[in-house]
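Down below are the structures I want you to see.
Each of the two complexes below includes chain A, the first together with chain B, the second together with chain C.
And now, the complex of A and B:
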């Protein structure tokens, strides 16, 4: 087999047993890898209604057919499980070098079952997998764990937040790369699994080297030609967005009460570049190199989302404070968007403007699940609901919204509402067409034409998450180029339509999982604040009737009924078997 | 200033000098540069479809500007231009592809008088190489043709650059047909 290894390892923690099973060619053609592979396993193996923290939940780590090759931005892997934050199926992918190493060891993925009696870590060296005692690693944070285990290979681990069940705990790999958002680190913690360390020496075979080189050059050229990837992200990292999004008047400020921040310049990419000596720390095989840290101190430069949530949304204008909050989150292994948004919700609910010191203290208390941090570690939805102020939680399906105010980007508003993992920008990054003009600039202040576009981009992003390559490459590289290079690597003929169909298949399976978990069209919505008259920012709110019309149109584009349920015909077309 | 850009954006498309989605227009005002946004359509430019940039210092706003911003910036730095138009005019592209030299000499009387000669330059989209080659060529020419890509012209006002783009396309069209006729004859 080319590209893929053609096998995964099932690790049974309760029984301390490992089983290696082959993956069929047909399965791989239908699901590719990464998100697709993991979603299929979770859909098939996780029973509806189970507690995400129970031993019945599973946790999948999966790479894709391009992972481990030199294909630009392909050094990624995905994690998939049922989320303790949202209750939905949840995938999250990360860069660094862990994913390629898993491929070099000979696996396309790992599926973790059960719960270890005591803390353990999994060591993989080529095809040898051992479950090892991790009592000495417990109660430690991620930098320390990574340092301690890095002699054995590439490390993915959890910090104290994952151990203690913070509902938005992350899995961290290669120090500061993150499987973020939905709390899969807490799922890992609930299984008493502290870390996975992997080392491999295998080379990923490529079917047609000559065609591969040609398509590699096509992709590289497109990445250079696009100012977003070559100049914006390459020069400023994702912090490039701060001034731009503020200028567009969609920068969440004060828990989405405002959409412009007076001190945006102070927390911008330009400010960071002029303040700190920067060192780029690119992911494996990535020419964009958006990941950055301060030279000498190794302090991570926060991503835009982190800056917007801890910065403008909490109205903190000191970039050093935001960097410290980011470091704390990375070390405890926690999602910065949910942490920042939950603190912004706390701040509004209590009518307090937090000082820099108070913000940092709250982050620490969440990581330790102590005092008020215990409540906040449940995320903003549960926190606000417990205080009878549900309207102050800026979330969809329990997942906090990221750094783009949907009142000023209506395609993204629809994307948030219909996202299968809750309030997320990365299911369909409509900032591409609505702000950057990639692939084509569209009017951001209308729902017109967005329903079809959103679902196509969702399908494409799902396929890209299954390859697994970086979404930032999509600013310049389209499905045709990915299909070409995938064909050259695997020796199978993929065209653009195949990728979009795979994306659609996986998207529909995610929808079916969520429907079985009692989610419905009622959950395909936005926080009420955005619809209310007094929720206007810059004179804008979202007209509910227009939103609902757009949602219905979206269902029709998807081949779902008016309740948002996939029709039998659609499932047959996608070759999806209904479970249960 | 966006109105001026919008006016000539429309004219460019109406005259068939470029298709709606291709090309870019900028104006220099002091140390600022106002340029069409990436992905904008030249016949639908409004105030939201242009972006103001610092001439000397790239910023995060470069990411939403035309992918040829680097070329415009370089030309402004090295010439006295106050306006630039880049188009994807078909006959200019064809001539740049079939010409055996890197200097195109018009055959019609007015173009000979107005343009003298048209340099053909090379360089990838949005590349430093193209930026340098364009700036060099436009130091002593009103316009040039980027090989396999399209003409680029400068002026003190947008209209002047527009006239040059029109002239280049006219010269290339006349030359194409006259060469075709002569080849058929001989």
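And now, the complex of A and C:
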């Protein structure tokens, strides 16, 4: 097999047993890898209604057919499970170097079953897999663990947040690269699995080296020629968005009560670049190199989403405080969007403007699950509900919304509402067409024409998450180039339409999983605030009838019935077998 | 006789290197486009830009109106 290794390892923690199983060519053509591979395993193996923290849940780590080649931005892997934050199926992917190393060891993925009796870590050296005692590693955060294990290979691990069951705990790798959002770090913790460390020496075989070189050059040229990847992201990182998004009146401020922040310049990419000497810390095989840190202190430069949540949404205007909150989250291993949004919810609910010190203390208490941090570690939906103030939680399906106020980008509003993993911008990044005009500019303040566009972009992004390559490259590189290089690597013929169909197949399976978990069209909605309040921009509250009409149209485009259930014909067309 | 238009121009990120000030007030002839305005700011006409006029994304050929606010960013993206 070319590109893929054609096998995964099943690791049974309860029985301390490992089984290596082959993956068929047909399966890989239908699901590729990454998100697609993991979603299929979780759909097939996780029974409806189980507690995500129970030993019956599984956790998948999966790379894709391009992972470990030199293909630009391909150094990624995905993690997939049932989320303790949302109760939905949940995938989350990360850069760094863990994914390629997993491929070098000879695997396309790992599926973790059961629960270890005592803390363990998994050590992989080529195809030798051992389950090892990790009692000495418990109660430690991710930087320390990564340092301690990095002599053995590339490390993916959890911090105290994952051990203690913070519902938005992350899995971290290579120090600051993170599988974020839905709490898969807490699933790992519930299995008493502290870390996975992998080392491999295998080379990924490529079917047609000459064609590969040509397509590699095509993609590299596009990335270098595009000012998005070579200049915008490379020079300022994602923090460059703060001023733009603020000017467009879609910067979440004060838990989405307002859509502009008076101190945006203070927390902007421009401010960061003029304050700190910056060093780039690129992922494996990535020429964009958007990730950055302060040169001497190695303090991570926060991403835009982190700045918007700990900054404007909590109304904190000191960039150093935001950087400290970011560092704490990375070290404890927890999601900055949900942590920031949950604290913004806490702040509104209690009618308090937090000081910088209070904010940092809350982040720490969440990571430790101590005092009020215990309640907040449940995420904003559960926290607000416990205080009879559900309307103050800014989430969809339990996942806190990221840094774009949907009232000013209505395609994104529909994207948030229909996302299979809850409030997320990365299922269909409608900021591309609605703000940047990429690939084509559309009017941001209308639902008209959005439902078709949202579902196509969702399908494309799902395919990209299955390859797995970076979505930032999509601003410069189209699906045709990805299909070309995938064909050269694997020796199988892929065209753009195949990628979109794979994306659609995986999206529909995710929908089926969620329907079995009792999610329905009622959950495809937005926080009531966005329908009732205008965020201090006159007339900008979302009109519910327009939203619902757009949602129905979206279902029609998807080939689903008016309740949002995939029809038999659609499932047959996508070669999906219904279960149960 | 063409009357002059007054427009506000705000520069961001790497576009700031073209001017000593981040916020400019510029007078231009009626019927001028963004492209015409660029020559008055020192920003090269072929510089890739994300142009926002009064909160809407626009192109370089867009004609300017009295009182417009233009925000000029490098081509950026992210999330």
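Descriptive notes on the structure:
Rule of thumb we're sticking to: the second predicted complex is superposed on the first by the 573 of 580 C-alpha atoms of A that agree within 3 Å, B and C clash if a C-alpha of one lies under 4 Å from a C-alpha of the other, contacts with A are read in each partner's own complex, and residues count from 1 in each chain.
As a convention for this text, a residue touches a chain if its C-beta (ideal position, glycine included) is under 8 Å from a C-beta of that chain, and two chains touch if they have at least 3 such contacts.
Worth saying up front: this structure is predicted, and the values here are computed from it rather than measured.
Overlap between chain B and chain C is detected when the two structures are superposed via chain A.
Chain A has more of its residues touched by C than by the other of chain B and chain C.
In the superposed model, A:529 lies in contact with neither chain B nor chain C. Contact with both chain B and chain C is seen for A:241 once the two complexes are overlaid on the shared chain.
Looking at the shared chain after the overlay, A:232 reaches both chain B and chain C.
When the two structures are aligned on the shared chain, A:439 is found in touch with chain B, with no touch to chain C. Shared-chain residue A:221: touches chain B; no touch with chain C.
Chain A residues 226-228, 231-232, 235-236, 240-241, 243-244, 247, 269-270, 435-438, 441 lie at the interface with chain B in one structure and with chain C in the other. Only residues 226-228, 231-233, 235-238, 240-241, 243-244, 247-249, 269-270, 290, 303-305, 402, 425-426, 429, 431-432, 435-438, 441, 444, 471-472, 475 of chain A touch chain C when the two sit together in their complex. Per the touch definition, chain A reaches chain B in the complex via residues 221, 224-228, 230-232, 235-236, 240-244, 247, 268-270, 433, 435-441. Of all residues in chain C, only 10, 12-14, 16, 48, 50, 52, 55-57, 71, 73-79 touch chain A in the complex they form. Note for the complex: chain B touches chain A at residues 21, 37-41, 49, 58-65, 67, 69-70, 124-127.
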